[in-house]
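Next up: some structures, all given as structure tokens.
In what comes next, chain A is part of two complexes: it sits with chain B in the first one and with chain C in the second one.
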Partner chain A sequence: MAPTQTSESPADVKVDTAAIRAREQVTARRVVFAGSGEPLALIGAMVVLIAIFSILNPRFATIENLQNVLNQASLPLIIGLGATFVILIGSIDLSVEGVMGASGVAFVLLSANSRGGQDTGIWAWVLPLLLAAALGLTSGLIYTMLRVPSFIVTLGMWFVGFGIATILYGTDAYPELTDDTITLWVAKITFGLPNVFWVAAILTAIMAIVLRFTRFGRVALAIGNNEEIARSNGMPIIKNKIFIFIVAGLFSGLAGILATMQMGGTSNHIGDGYLFITIPAVVIGGTSLGGGKGGMFRTAIGVLLLTILNNGLVLAGVSPSYQSAVSGAILVVAIVATAWPQRGRLRIAK
Partner chain B sequence: MTATISDTGTVAVANAEKGKRLRTAGKLWQAGGPLVIFIAMFAVVAILTPAFIGSGGITIVAASAAPILLVALGQAFVLNIGSIDLSNAAITVLGAILLAMLLGPLAFAAPIVVLAMVTLFGAVNGFLLAYTQVPSFALTLGTLGIFKAASLVVSGATTVYVSQNKDVVSPLYTTQLAGLPLTFVLGVVVAVIAYLFLRFTRAGVGMTAIGKNESGAIFSAVRTRALKIVAFALSGFMAGLAGMTIIAQAGSASAMGLGSDLLLPAIAAAIVGGTSISGGVTNPLNVILGALTIALVPIATAAIGVAAEAQNLVYGVVIIVVVALTLTRSRTAIVK
Partner chain C sequence: MTKAKEATTPVLRLTDVQKSFGPVHALKSVSLEIHRGEVIGLIGENGAGKSTLLKILTGIYQPDRGTIAVNGATMKFRNPRDSASAGIGVVHQEQSLFTNLTVAENIAMNGAASKGYGTTFGFYRWGKLNKAAAQTLEIIGSRLNPKTRVGDLSFVDRQMVEIARAISVDTSKNATPLVILDEPTSLLERGETAILEREIRKLKDFGSVIFVSHRLDEIIRNCDRILVMRNGELVADRVTTSVTEDELFKLMVGHESHATKHERRARPVNETPAIEVTGLTRKGKFKNISLSLHPGRVTAIVGTSGSGREEFSRALFGAEKFDGGTIMLNGRAARGWRIPKAVKRGMGFVPAERKVEGMVGGFTAAENIVLTHPGDAAFGPFLKPWKRNKIAQQWFTTLDVRPNDISQNLERFSGGNQQKVVMAKWLNDPELRVLVLDHPLRGLDPGAAETVNEQIKAACKKGTAVILLADTLEEALEMGDDVIVMRDGIVSASYDLTVDNPSTLDLLERMV
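Here is the complex of A and B:
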């Protein structure tokens, strides 16, 4: 991943530059290889999984099921993009499910629904997203200004969001979206892929560009790599962190709205289970929980791998009850595997 | 940040002063905070709904505080070594389900078998944490998923009822001591033992040492890895006791039923009880007050006219606010 430099030696110094150049080229090749080795291994694992599941159940490799997999992978991917940014700065966002619930319920109540509320048009999108961004902003502010560790802030914010969802939901009957065009749009196939996956794919490309080529993205990587150096170099750390939490909130909020559209209605529990797919997916994608290393496409691969695994297991006849155990076990194995080389008797891990 | 050389001295003095003030504030909070919050909460409920306090309301609060207290005590042990256990409430549910299933065939042996199992689950968490050195919140998030699935699979995703030998554990709930159900008394007894353990045994003091300064503890030959495993095992054990109180009270358990939302209330109870999330500070006796305060939250929110649905929101806000108010900060440390 790291860019390599080929430095020119000054002309007046007599050095055998050929040997140095050859050495540099080897290093450069190694860097390229080391950067792509991990994702390639994951893609290899994915191919193996697809092969195994195709043998176990012929229905697995059909076009319909692959579209189904992409459908299922879209929301964890969208959430994962925000989560990747948060994890890249070495923090964590546990509030995903609560934010999804809040925005999902707000969306359904602001759209034409079976409870008889009014369709507010564009506001049905704007207000829930603003709510989600506000929750992210609050997490970011408490995290940066009051210096409370992110896991505890977002753990609290998870239940604040869930509480907001529960209050908005109230005690009336389950609200369903009455406008079919909205509910059918997400699963509709355009150019062979479901619309919701197109949304996720486009957002992935945008976020990958933001991470790689904008000041915002580079500062985020710098913070994750070494916050002290980033700070002493005058980078806008606090602004960057707050903005990242807003982005994460927005993506969770968008996922909440899309989940509501997929279900055709919502309860305050709409986000349940998503945290368990997203965080393991980001981690097995190769984004390190310590920060500074990782990327959006890696998260996309991680999400696809987990979704294929879950989908394939269900098709192979494994009860869906096992799903959270699969994600949980993968999370444990992935973090243990990444932390393994850094073990040491004197190392502190909280 | 842009202090000139001549300023640095004064800044340092000012910081030291501020640090001293903060420490005194921290000590004051340690000594009286949980009690003050509990009394304030109790006053709100007593003034707004006098009928509730008169008509056996205290028994109800104590009964609902019992599982929260037990899970919170386990959490306090883990927080005390500077980690967090996000999986212990899931262990409570799993323990309750296992107990409901085993009471029939095993009768009196069932609680012992189940407590041994949940202690082992906790110890596995601790073992993984101590020997692989991964962050505890991520590790226990993963094991939370595993325990949750185990509950679903073991119970067949339905409610498990205790078929026979219900009276092995039900007296815990039905017997009352001075108007308090035995489940709560059990929690208090565990808290007292935990207090004595942390203050007066080598292992307990060692745990606090890990929380205060792990490097220091390692260099002082504290057996940090073994103690971490013990702390997590205790968290599992107490989660199992909480599962037992649930069976005593309800006579049934399910993966989605009573106890499945204990995580946040228990963390809140530990924190309101004066336990620091950065480790090294806890007082199990204050956790009793924390658990009672948290058990009063639903009643208090109802009393001030907020819908009962707001409970979760209140727990979330309580955690953030109390942590933000009581956290010891340093200017230079990096917060992740």
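Here is the complex of A and C:
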């Protein structure tokens, strides 16, 4: 309890400055550890999962399976980085699968493929990414300029992207990449880990730096915390939001290309299933759907956790017909567990 | 510029500033001067034009006519950034900090709005940023760690960050920052207010201050000069030494105070209490609290922010759980205590977080009034709109709600008028037995505060028992029949004001 800080006569209010100083220093010390609890708990959960699956199937804890897990985790992670930024400003991007389809099909048709056609070299990369960025830009513009909720806009863009993919795909046979160096590159092991994972890891580091050290990243956090205040401080809100949707589009587009490389070919359905793993991974990692709170490494942990879960269920011999229901149920439980510490009395779930 | 002239050039001069919104003249020709080192008190009822004036000074609104001069140079504020770079900083009534960012970032926000502050090519230079923030904090004597996340700070510490941010405005052209404190104390406890007042005195040494508050005693205590606004005009400009609180009240409201004295009712014997609490306990919050409230009496509970009085009052209303003890209403025990039951048994609750818990902002005032107790307006599961409007209009007249428009959404009313509607919602229950008031006067101007207090007294006359968590000790002593002091979750003292006559110092001693 604080010592007496006021005296009876209002004219000479005496303040115990020493006590206030002491209190300020306590606050400062406490804060050093604040916020590191949640990621630690997630890593703990991961360790428990690994232990359980290792007991159920000795093949789980092998180098080959680790490489396999990282291979599987890479694309959700890349998409998750963009999604984290979008969720940090309090919005959501549901267009992931459509954008992946569009960029994947564009990539395969611009590369040397089994349908014939031209190998366009660098353009096979640039044009699909530009297409993905354009889809993101469109979402961003409609969201900010016409003030339509991002939920609706990106739900629409999902099917616009899927439509573009379907048109590009046409009715011919399944196009396969004919250049083996491209298809084999993603899963190739460098320094013990698959190349595609290195791509994801480097992008994670870059995005973490952007979030921590740039004005762009800090303004995004500020918008997510309180857009009204951000506006009255003269921050470039619209510019920031549009740019974030472009980045999210780019990352989905890159994931579409990498997925195509992994499969050795593509259809307009290349993106199917990715949204379902990405958004929960971001949330389980601890990025708040309300915006303003979260980070890239948290998303990385969330993605790893879910990938280990899926991989472990397969190795534990859960029948494929049950798998989807089991992983869905576990997801719900995991999200409830994540949200549990934050259920304040003034929080209303919508 | 000669030295003599420099001394007389006001830091801020407004000449004939006017602002209208459609047909409403929010400001009718305001002219004023503020000098270096002055603390100016700005008072006025809600709707008197204070906020419009402040919004013009901070670049949120642009005046229709008139000029603003800072240190003799005429300025045009097109946006908040212009105003900040002219040396005007604001501490908002409702804190406007980013809780997920650090202290240093929040302080830099004024500067960050003007490019290049602590950033190089868009990259943050945390070292530079933290150092600058530490220097600013040093000026106001705070040792907060600039790397702390603002969300982890207490309310009064956040207020320090707000002040630091306000004085970190661009002072390159202007050696004297002008800090506007917009009702900075309305959410503070008494001890915290003292800390803030210490800050205000420090600000005088290097800048000027405009201090906006509804608490007249505070204004008189801290300000050199007081400006009173009414109906969009400056109606008085007084040196503090020559005015009294009563005089200021009259200048603000336009008439003398109509406040009646609360008629105390002696503690009755052999009467069933409206509510009787025995040994109520919640682990870590409050412990073994027993009290009985009789119809027509006000029980004021005082205590510091950790005393558990908020949690206790919420538990009474079923808004929070309790671990042990019993609550009896009119002699009947309360089981499975939840808000719907409490409301059914004739309890009402006016929460401190009015906007979050007390009202539905997107509903009209009329809909809010009949929200819990529709009375005659109910027709089975349906509502009769004409009856609803009639009931609402009666309350609007009784409580003098302004503007007198029951069909406007409640979020568009000012805080004081919102509170009147929140009160009406409970008073519309003819069977209202217990009314729990959590800081009912928070943020209210003296006129609205008087209306609310009169309604509390009227409810008492009709036989309602009232629990009051007052903003100030003076309020508790004025309104209460009983005063209960809480400390660390237990009742540390209890006074029956019909018998005892404790001073504020007596109460304070038992609070800390």
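By definition in this document, the second predicted complex is superposed on the first by the 289 of 350 C-alpha atoms of A that agree within 3 Å, B and C clash if a C-alpha of one lies under 4 Å from a C-alpha of the other, contacts with A are read in each partner's own complex, and residues count from 1 in each chain.
One rule holds in what follows: a contact is a pair of C-beta atoms (placed from the backbone, for glycine too) under 8 Å apart; a residue touches a chain by one contact, two chains touch by 3 or more.
Every value quoted in this text rests on a predicted model; they were computed, and no experiment measured them.
Chemist: Go through the superposed model and pick first if A:F162 touches only chain B, second if only chain C, both, or neither.
Modeler: Touch partner of A:F162: chain B, not chain C.
Chemist: Looking at A:T62, would you say it contacts chain B, chain C, both, or neither? Reply first, second, both or neither.
Modeler: A:T62 sits against neither chain B nor chain C.
Chemist: If you stack the two complexes on chain A, which partner ends up touching A:K293: first (chain B), second (chain C), both, or neither?
Modeler: second
Chemist: With the two structures laid over each other on chain A, which partner does A:R215 touch: chain B (first), chain C (second), both, or neither?
Modeler: A:R215 contacts chain C only, not chain B.
Chemist: With the two complexes superposed on chain A, say which partner A:T190 touches: chain B (first), chain C (second), both, or neither.
Modeler: neither
Chemist: Tell me the contact category for A:Q118 with respect to chain B and chain C: first, second, both or neither.
Modeler: After superposing on A, A:Q118 lies clear of both chain B and chain C.
Chemist: Which of the two, chain B or chain C, is in touch with more residues of chain A?
Modeler: Counting residues of chain A touched by each partner, the higher count goes to B.
Chemist: Just chain B (first), just chain C (second), both, or neither: which does A:F276 touch?
Modeler: In the superposition, A:F276 contacts chain B only.
Chemist: Following superposition on chain A, which residues of chain A contact chain B and also contact chain C?
Modeler: 345-346
Chemist: Which residues of chain A touch chain B once you look at their complex with the stated criterion?
Modeler: 90-92, 94, 98, 142-143, 146-153, 155-164, 166-167, 169-171, 227-228, 275-276, 279-280, 283, 289, 291, 319, 321-332, 335-336, 339-340, 342-350
Chemist: Okay, in this complex, where on chain C does chain A touch?
Modeler: 60, 79-81, 96-101, 105, 109-110, 112-113, 119, 122-124, 126, 141-145, 147-149, 152-154, 157, 190-191, 194-195, 197-198, 217, 221, 304, 306, 319-320, 353, 356-357, 487-488, 503-505, 508-509, 512
Chemist: Under the definition above, what is the set of chain B residues touching chain A in their complex?
Modeler: 82-84, 128-129, 131-139, 141-146, 148-150, 152-153, 157, 214-215, 218, 264, 267, 277-279, 307, 309-320, 323-324, 327, 329, 334-336
Chemist: For the complex, give me every residue of chain A touching chain C.
Modeler: 1-6, 8, 10-11, 13-15, 17, 20-21, 24-25, 27-28, 30-31, 34-35, 212-216, 218, 221-222, 224-226, 229-230, 232-235, 292-293, 345-346
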